[in-house]
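These are the structures, in structure tokens.
Note that subunit A is present in both complexes that follow, paired respectively with subunit B and with subunit C.
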Partner chain A sequence: MTSMTLQAKAGGPLRRGLRKIFIDSKVPLVPLGIVVASLLVAVFADFLVLYDPLAIDPGAAQLPPVFADGGSWAYPLGTDRLGRDILSRIILGTRVSLSIAAATILLGGLVGTALGLLAGYRGGWVDALIMRTADGFLAFPSILLALVLAVTVGPSFWVVVIVLALVLWARFARLVRGDVLALKGRDFVQLARVAGASGPRIVFRHILPNVLNTLMVLCTLQVGWAIIVEASLTFLGAGVPPPTPTWGGMVSEGLDYVESAWWISTMPGLAILLIVFSYNLVGDWVRDALDPQLRNI
Partner chain B sequence: MPETTTSTPLIEVRDLQTHLFSKRGVGRAVAGVSFDLHAGETLGLVGESGCGKSLTCLSVLRLNPQPASRIVGGNVRFRGDDLLTKSEAEMRQYRGKKISMILQDPMRALNPVLTIGDQLYEALILHRGLRGRELRDAACELLERVRIPDPAAGLAAYPHHFSGGMRQRVVGAIAMAGNPEVLIADEPTTALDVTVQEEFLELLKSIQQQDGLGILFVTHDFAVVARMCDRVAVMYAGRIVETADTDTLFDAPRHPYTQALLRSVPDVSRRDERLFSIDGQPPSVFAPLPGCSFAPRCEHATERCRSSAPPPVQAGGRSVSCWLYEEKP
Partner chain C sequence: MTRLILSRLAQAILTLLMTSLIIFVLARSSGSPADLVLPSDSTPAERVAYIERMGLDKPVLQQYAIFLRDAVHGDFGVSIRTGAPATELVFSRIGRTLVLATAGLLVAVVISIPLGVMAAVHRGRGWDRFSMSFALLGQSTPAFWLSVMLILVFAVRLRWLPSSGTGSWQHFLLPSLVLGWSISAGVVRLLRSSMLEVLGAEFVKLARAKGLSERTVIWKHALRNALIPVVTFIGFMYGVIIASGVVIEVVFGWPGLGYLAYESTLWRDFPVLQLAVLVYTAIIVGINFFVDLAYGLIDPRVRS
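For the complex of A and B:
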């Protein structure tokens, strides 16, 4: 019995090879491939689309995807209720969604990290002021803020980015501050002070590199969050306004037709799932790869 | 360098007082500490945990934790310059360049995400303004000096590639990067095992002989004191109760606390005897006693000891703060 299980475990050369690539090696090939592909798609979306993603064709409305009954290769993922090609809209939506995520994380991450470093290192009233403000922003309903802004200045790409960044900076600040507080008391920071290093030098040279791991992981995890919140905002009409295709918008557009044309919501939904999942896995890998304890000499 | 006479101490601490500020009130953690440290000399600072040794060391560099503590009185002079009146920017010219420090735990003293080289370079850039080829050579030289095998490879290594003893030597190398005149060593060997400890002490001694370094050596290990120190200051409850040459102190300890401390050192040759321990606890820093702070644990204590604190009595290069020695110092 034991020998049989061992044999089954060892498997054939193909299975061993596959296991080596996908399980033993630490690089998450599939998610990493999806992340890279998503970035390429976002950049070259204009060349990749099969149809004009905005072109309405009432004659081709609600066509099913190729693998469903009545589908054809002409529209591989089917069409929506206005006859727009879903695949082309997902491709262009990749650019919109990832741009929003990137802009949000860049903006919120920079502001949040800077304020978190300041709060953690300086302490005292500076810390209290920054962190209570952060708490306020975390407690503030971002959807409500987005609705107010959408009504007053009109919904746009930048409204979404600013609303997301307003919440995101607080998350970065809180996390970074916590790390700084822990690092500040460490002996190597004390010794840097003994060596005559100035405050900014200690923060940027000794503390920041130790926070980078956490930052990288938070960044990759927030890609998924940004895409999902952007989807909710678009669903409420406070997101990127139509006709610009966004994944969240596409999901909400198709909701009324789920029984007759399930693919309209499902396809962009799968895209969200795939991207969020992939970015999270890559985030885990980045964390491990950045850990010097695991790095070889 | 205003070196007037050879007897001018490198470091002169007079009546240094550092208080802790917490919800429990004001804690007199360093309550009037005085000592001198001369070039080429090792002064041991001995005392039990919590007596204020580390805070004294940090106060000398003005790196006592703030705002939890504040230096409220006294003087710290380096070659006659009053350090307590310097600005933060001026203090940075002393830290690492004139006065350096190493800490107890080498496992935590190095930045885990920077290579050994980066950490050495930083100190060298900061203190000597070196760059390029010179920088690398100086770093290699420092590692060689602390006897790290294969210094060139050592520069590219991360701290976790090194053992505890090697790390403490690297910490030593970083501390020496600015060619300081004073090294404050806060229990540098406590976290090392005995053989590694011996190696490190020997290294410190040889560096001291080459550079004429003044070392303030904090420890609670009398074996290390006997091995390293020229003079010893015994600290109790925020005060130095006795200062003497190492030999004198071991031969004829005067302060009852010093006597008790030396009696509680385990002797390997008399292993079946019960270890001596001092009854009671040191007073809380938040509730200072009106008299001698050792009085409640002292077998010689009189009414006078409990009511007023004894001043230090100087005689023959030694000093003791105890009413027992008032008339015949």
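For the complex of A and C:
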């Protein structure tokens, strides 16, 4: 009962967090706008594409973008060596990249949070086992694991998600555990225990809500990381296989033509840069607004 | 201290075992490892011999024991592509990978220290915003794409630098720049907050009160103390840079371990790929081990 009143008085950690982000700190409008736009593009990609991103048109091969000599508005960012519209492929690539990021963060985040809560709350050998395993996965070179998977089971969307999640869960587990250890000693948790609350109740009702801020920061900051690693894997041929249009795959396809048709590799890379930079700026803002202590994530 | 060393050593071995187990399981998940390890033109007799030697007809646990026994004896099979022992191919590449990673780390340090210091000294003003944006931009730029762009500009168009390969100091410039910039964000951020903390400390006030020039106070007294947490972080970054060097080596045709691993993927040269991954993990785990120990020496609190 006592713990409930304390909890209520605090106004709900999530609510307070959102207030801190949107009211008490300066909102970075441009990056936030780009982030929102990228989500809309990913959802409505099918309606936004100018051409079928997979349609081959030999008559329109290697056309330059509109701002270069010989370019036209028909293909604003030019075409690749098979005459496919680059802008349309980037639009569809947005969906692929963001889906992988979302799936990775969901999978890695859920597993990592659960294990982090368990490790921090239980302590002892459970804690030691989980955290040593997490350390092991943090040291694991994910790109190389993806290469092994590409040779053994073949590259695919889910292979990328699993490779990324294998690293990500450890980051979540480590941070969540740290938070739980700090929270465990706080009065409201101690009071809940004295009041006879069960272990799961203390974890889910009293500790988890106070970890949400950290989780929110980590989630936003990992989107950019996930997009870049996914693009790198696809670039190496160990990510999402063609014909699915992906940013990393497009850069790689343009490599052999970089001298004559520079835009094939350049445009998708600029898309990655723009989106990842925006997500990172938004992530920094959320982190600084919620907790400057988290600076080293 | 002995306890710390032992626990970290156990940890390192555990990570390596885990890696080997993952590779072992993956090799069996795609059917028979014989398909992965033997050349496609091998005779049925060779196949039977291999299956017998590796115990592929025995229980999985026994197979793993055989795999580990061979690994301890340094037997990782022969390359499907060249027929040479995998160990020979892999070990000849380690040096070049380490040299490139070290160059990248140096670039990161050279970029990050002035930026981090300037950001802290001019907190909230132009320099701060510039430093943080510059570092964040490095973190947000896909390294493989930046490499392609730099090759396009400096090698293809301007013809100032070689586009790929190794041999001269010019070959180092572009790849180490890309590697260094890509990891500088974390270092700048950490140094900035560490500097901010130190600049408010008593001994800095004392140095100022003594009438030392602002430059001496910042670059000598404050920086020296602010660097302590940063040094450990940079140590861990060495492992990160070695791992992220795989893509860079591929783009620049740098004949290191990463390029070898990539080529092995193309050729489906599993014995070489498997050893390359194990060696990578061993190097990273080894570096982290020594950084942990160094940290224990610098900061006695870690030892407990």
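Here, the second predicted complex is superposed on the first by the 258 of 297 C-alpha atoms of A that agree within 3 Å, B and C clash if a C-alpha of one lies under 4 Å from a C-alpha of the other, contacts with A are read in each partner's own complex, and residues count from 1 in each chain.
Convention: a residue touches a chain if its C-beta (ideal position, glycine included) is under 8 Å from a C-beta of that chain, and two chains touch if they have at least 3 such contacts.
Remember, predicted model here, so these are calculated numbers, not experimental data.
Of the two partner chains placed around the shared chain by superposition, subunit B is the only one that A:195 touches, whereas subunit C remains out of contact. Of the two partner chains placed around the shared chain by superposition, neither subunit B nor subunit C is touched by A:69.
By the touch criterion stated above, A:209 is placed in contact with subunit B alone, subunit C being left untouched. After overlaying the two complexes on the shared chain, residue contacts for A:251 are found with subunit C alone; subunit B is out of touch.
Of the two partner chains placed by the overlay, only subunit B lies in contact with A:186; subunit C stays clear of it. When the two complexes are overlaid on their common chain A, residue A:237 makes contact with subunit C while staying clear of subunit B. Once the two complexes are overlaid on the shared chain, A:124 sits against subunit B while remaining clear of subunit C. Counted by residues of subunit A touched, the larger count belongs to C, out of subunit B and subunit C. Overlaid on A, the two complexes show subunit B and subunit C touching the same residues of subunit A, namely 295. Only residues 61, 63, 67, 91-97, 100-103, 105, 108-114, 122-123, 126-127, 156-158, 160-161, 171, 174-175, 177-178 of subunit B touch subunit A when the two sit together in their complex. Listing the residues of subunit C that touch subunit A in their complex gives 11, 14-15, 18-19, 22-23, 26-27, 29-30, 36, 136-137, 139-146, 148-149, 151-152, 156, 186, 189-190, 193, 239, 242-244, 246-247, 250, 261-262, 264-266, 268, 270, 273-274, 276-277, 280-281, 284-285, 288.
Listing the residues of subunit A that touch subunit B in their complex gives 124, 186-188, 190-198, 205-206, 209-210, 212, 292-293, 295, 297.
Residues 132-133, 135-136, 139-145, 147-154, 224, 228, 231-232, 235-238, 248, 251, 255, 258-259, 262, 265-266, 268-269, 272-273, 276-277, 280-281, 284, 295-296 of subunit A are the ones that touch subunit C when the two sit in their complex.
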